Amino acid sequence: MPAQNLTTANVGIPIPLAYGFNRITGNQLGFITNPPSTSTPPYPPMAGSFPLMQVGFWAGGEGEWDGPDSVFIFNSRMLAYSSNGTYIPPDPTTGTIPPDGSSDYTSPLVGTLNFFHFHPGVDAALNGHPDNAKQGLDSLWGWFKGLVTSLRYTRTAYWGIGWTPQIGSSPGAMTPVLDMRCMRCRIYDASGNQIGYQFTTNTIWHVVDMYLRRIVKPEYHIDATLGPDPLTDAERNCFRWDLIAAAADAFDALGFSGSYAFTAGGNVSAAVEQMLLVCRGYRQFPAGQLALYVDGPRDPVFTVAGAMLLPNSFQADESLVHQNPNRYIANWLETNLPAVCEIATISRSGSTTTITTTGPNPCAEHDFIVVGGVEDDRFDSGYWVQSVDDSGVITAIGGSAPDSTSSAGGFIGYLEARFSKRAAEAPPHQQHQMAMGQVLPPSAGGSRLKRVKVTYDYANSTWQQAMLVLLYERYRDIGADVAPYQPPQKVQLTLWSESVDTPGNILWKRAICGNVITLDETVFHEFAGLWEIVEVEPHGLQVDPLLQGGGEIPQPSANAGTIILTLQQWNAARFSVTAPVATASFQVVPGSFLFSGAGGTSWAVTGGTVTLTSASGPPSGTYEITVTWSGITGTAPAGGLLDYDDGGVAVYSNQFPIQVVIYDPTSEGGNCVSVYPSGSTPPGGSSVILTVASPPALAASASYTV
Amino acid sequence: MPQTDIMNPTPHHPLNPDYSFQRKRPVTHLNQKAKLGAPYFRNLTDVGHQFLLNWMDRPVEAADELKWYYEQYRDGYFTWIDHEGGGRNYVGRFSSPVEPQPTAHNHWSIQMVTFDEVPGATMLQYPNRWDKDAIWQLLVSDFGDVMVATNGSWTLTANAAALSKYNWVGANTNTTDWAAYRYLGYGFQFWAYTGPAMGKANLVLDGTVLTTIDFYSAGSTQRVMLWQQLAVPLGVHLVQLVATNTKNGASSANTVAWDALKVMR
Amino acid sequence: MNLPPAPNAPKATPAAGSLAGIVGAASGQAPVFLLDVVRTNGDSFHWADAPFTTTPVHTGNTPAWAAGLLNPPPIWDNYYFPWLMNADGFHLYRTMQADSATLVVQNVTGNSLQRDVAGLLRGATFEGALFAFRIFQPESQEATFEYHGRLTLVSAGEMQCQFGTVPLFDEGNVDANPYEYSEMCQWTYAHPGCDDATNNPCQNTYSTCRQTNRFRGVLNTFQVNVGNGDTLAQIQTAVPNRARMF
């Protein structure tokens, strides 16, 4: 019996910390290859006929993670689809797919995914207590026949896979790759009340999570049902929740998302810096509390007048631009799907969809493709390619567009191509390059541009976000590329510490880095305007600590009664720069952005009653479920009743900013009807709010308490 | 009690210093002048008076005694009386060494000895020349700054008859209301007006309630000295008028007021 | 009596009697510097540059040293001893950079043999003590500036004791990935992730684990190591080939 690679884990490497969407290979924890078997339990542990079976466990990182969107083995997507192309996701609680699924359910070219078990990384049950559903002893350990010690890998997100290679092939050990929704984070409102615990791509909640798990509350449980331990009052008081919630809202308003993994064992400062880099963020500690900000337009909070400025203390320079780079390059892994071709026409007939492309396309039979951006967005969906004729016309199954409809436009992409490495450069800043490279006067003619590059790593991002943030950095550092060149200047000045401006703002309270202040004309006429505080050096009114020569008359301390500010020129125009239009090579499939989950001071459905009325009932065919919501309460910035639109397989509410979905993937009103937040098809959302085990019969209604 | 040790108890005592000893007032504040506008003033510390003293041609007994006062009170304080200056007591110590020099047989000179007041020291006799040594701390400074901080329901009311020409008038209905002022000096006097519709408030010095001031009088009277606190050591002191939500039984309202302080310097 | 002429009319802004009015006045008394310190053993200390009484930011236990005071403060945590000589060097940045400020405390008071502060330093460490520094305006009962962090002892001399400050969260010295894939459990014994209540510390190995369901490590069975990426020595060596049972 071959025992290849039996249980070998890479040890001595840091357990990763991952937020947002990441493509994960994982650290193999154990692996065994078993011969074909038609036996019954106890060996093999599952009843049934199994050809050669490879079973392994892989660890992702520190839990709790939300779950996978895709599983690839040998570059083929392995999660199952029914014969009509409908997506069958892993069961959200166990991660398993039907173990006796036939080969129709998977790509026959690559192999059969028999088992997929995901464990999110909560705490396992204590010895002597029943296992919890999430982090119990995985049944796949039975395939290891007791040769190794079975573990629950508590607090580690990991997965177990049982896979059969294509019959007749010898591909070697499987190499699973997962597109993963990583860390679940606590979400808070402006008062510091926890209102959610969920997957999110809002960087602000990632940063809060980092501070909590490493500094403020490093010792806590993650209960399989209750989630992480709540914060104590003292722990909650470590944060400025009003500012943090506002930053989270600003993050969402910009349409940003944050996805990154920390694997190299660096420090929290470097990790936080990376996270804040992707969203124009920064942090401060007013009165010992963490405050987070997303840089954006804001009003000045203090006016400096000549009556505050100490004589001969004003200095301006251009050190910001001196020797600064002027070629700004962004590297990222694209979380949208790169478009592989453009759609000319798309039409539906029966269960078949026909697609013609404007140019050659790389599609082939058995491919799973994603379509987005079609003029009729009912065609935006995933499809399973049945055939491609010689002229490149694609015949596919899947989607939910009505029969006998057609449309045009859109793009095709592949899920496998998500997280492609991209690198793009901001338009060259010629004015700065000329300033750095001038060795002959302008009258000599020609150009001598000195180009110095800097590269920003935006982890997993999109073209839109990467370019917006890159251009923001460039504008902030070296200003606009216009002639005559006026780079941002830096000013340092010393003010009387007890200054209060005319409206009554106290300098001590306004001298916070990141605040914008006004220098009025009496300070320095040519430099009047808006400036951002980047450094503060305060000196209080105090005496020198040492008395000289036995005397008893203390003297004022050096710099007593002064606050030294370092300012950077402020120009709100840097927030209005728009990302360049993506060239063809950066075209993505519209709408292929992964669901980001609730962010900001987000939404949580906290309770109420859902009444389902079935318009046409089982046993088969698509039918519509009408839903009446009553008493559903959600924590939300604005109130309003939850309403819905009917429509086919998935029913979306359009009155919550996140879409609450009634999903019936089998279209049969069966036991997969559930209610949970989602934003994409297939559903990639997080918590199930309500599972309906027994939907009502035709024309009947039933009420369920959320 | 060290303050009871008076080095020169009488005007003719041999330890009285020679004439033309220098009375100094060390700088205790910071003046900061910005590019424009009036300079800013902040008092930083509570150093008191300083004297540069000389004794010429004294017998050895006097020299020995002066030396003893230096040694004994290097880390303490004693009382020195400025008889020439009206008999005012100062409590402090010699901050520079006493170094007697014989100039002839039984003739000693002790020169340039510095006497510094010690803040916070209890005094036998506190300065009490209110007409000469005290200064007014009005409600509004020369620069138009209202110098008395308030918390709660207080109204700044113009009053031509008041010392400060303005009063803080407090509703005195909430016991968390207060008005506060900090000064450098010794004792103080609290001045305000009284009237038939006035209440009672506590006068607090450095956190200790001194008295409850009754602002009631049958007729209205301006510029009343409602309290004098003489025995206060040198230092920076916080005076607060704290609401009590009470009044005299004959009064028709709770109102209290602040006009001015007179502070001993 | 000498009465100065009537002053000018009060300024319209800032609001009379407010903190802004007091802070922004052309004259007045300097604010008070307040320092609250809590050591890792729970003792609290309150120092200021003037004797002062007010509500503190941090509270803690009364240190044993206070039992020797002739007139101890009625409420330990509310009274500030005038021991703070200087507080300077604060430097705040928009970036992740952090600087260290300096807090100077007198080391003179005590009796003829012992100094107060020196005795406190020897009694228990101040390293890592939590502190809150405020610039406090007594008239208004409010702080205009507040800074939190932790202390580190820079130098203790015969006259003064100098503390440096460390940022409160000190992100630059905290591991982002403190846990490793290891055959040793990554939990500290009785950490909530471990949750063993037998008060019987393990050695972080699986064989000594009291809560094996919560063992946070990986276990390897070594059958072969050739071809697993391990660097091979250039001399003939025996290949380990063993199975380890637990």
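General remarks:
Each chain carries a letter (A, B and C) given by its place in the written order, and its residues are counted from 1.
Criterion: contacts are C-beta pairs under 8 Å (C-beta built on N, C-alpha and C of every residue); 3 or more make two chains touch, one makes a residue touch a chain.
The structure presented is a predicted model; accordingly, all values stated were derived computationally and were not measured.
When the C-beta contacts at A-B and at A-C are tallied, the pair with the greater total is A-C.
Among the chains, the centre nearest to the mean of all shown protein C-alpha atoms is found for C.
Put simply, the C-alpha centre of subunit B and that of subunit C have 40 angstrom between them. Our note on geometry: subunit A versus subunit B, Cα centroid distance of 66 Å, whole angstroms. Each chain gets a centre from the mean of its Cα atoms; for subunit A and subunit C, those two points are 34 Å apart.
Annotation for subunit C: residues 18-19, 21, 24, 30 touch two or more other chains.
Residue positions of subunit B touching 2 or more other chains, listed in rising order: 30, 40, 42, 44.
Annotation for subunit A: residues touching 2 or more other chains are 498, 541-543. Contact residues of subunit B toward subunit C in the complex are 30, 38-44, 130-131, 136, 138, 140-151, 154, 156, 163-166, 168, 179-184, 207, 236, 238.
Those residues of subunit C lying in contact with subunit A across their complex are 13-15, 18-21, 23-24, 30-31, 33, 49, 85-88, 90-96, 104, 132, 135, 144-149, 159-160, 167-183, 186, 191-193, 195, 206, 211-223, 228, 243, 246. Taken together, the subunit A residues at the contact with subunit B in this complex read 305-311, 496, 498, 522-523, 541-543, 550-554, 556, 560-562.
The part of subunit C that touches subunit B in the complex is made up of residues 1-4, 6-11, 16-19, 21-22, 24-30, 50, 53, 137-141. Across the interface of their complex, subunit C is touched by residues 3, 5-17, 27, 29, 59, 62, 123-127, 147-149, 151-156, 210-211, 214-216, 219-221, 229, 262-273, 282-288, 290, 498-500, 502-506, 508-509, 512-514, 532-546, 557-559 of subunit A.
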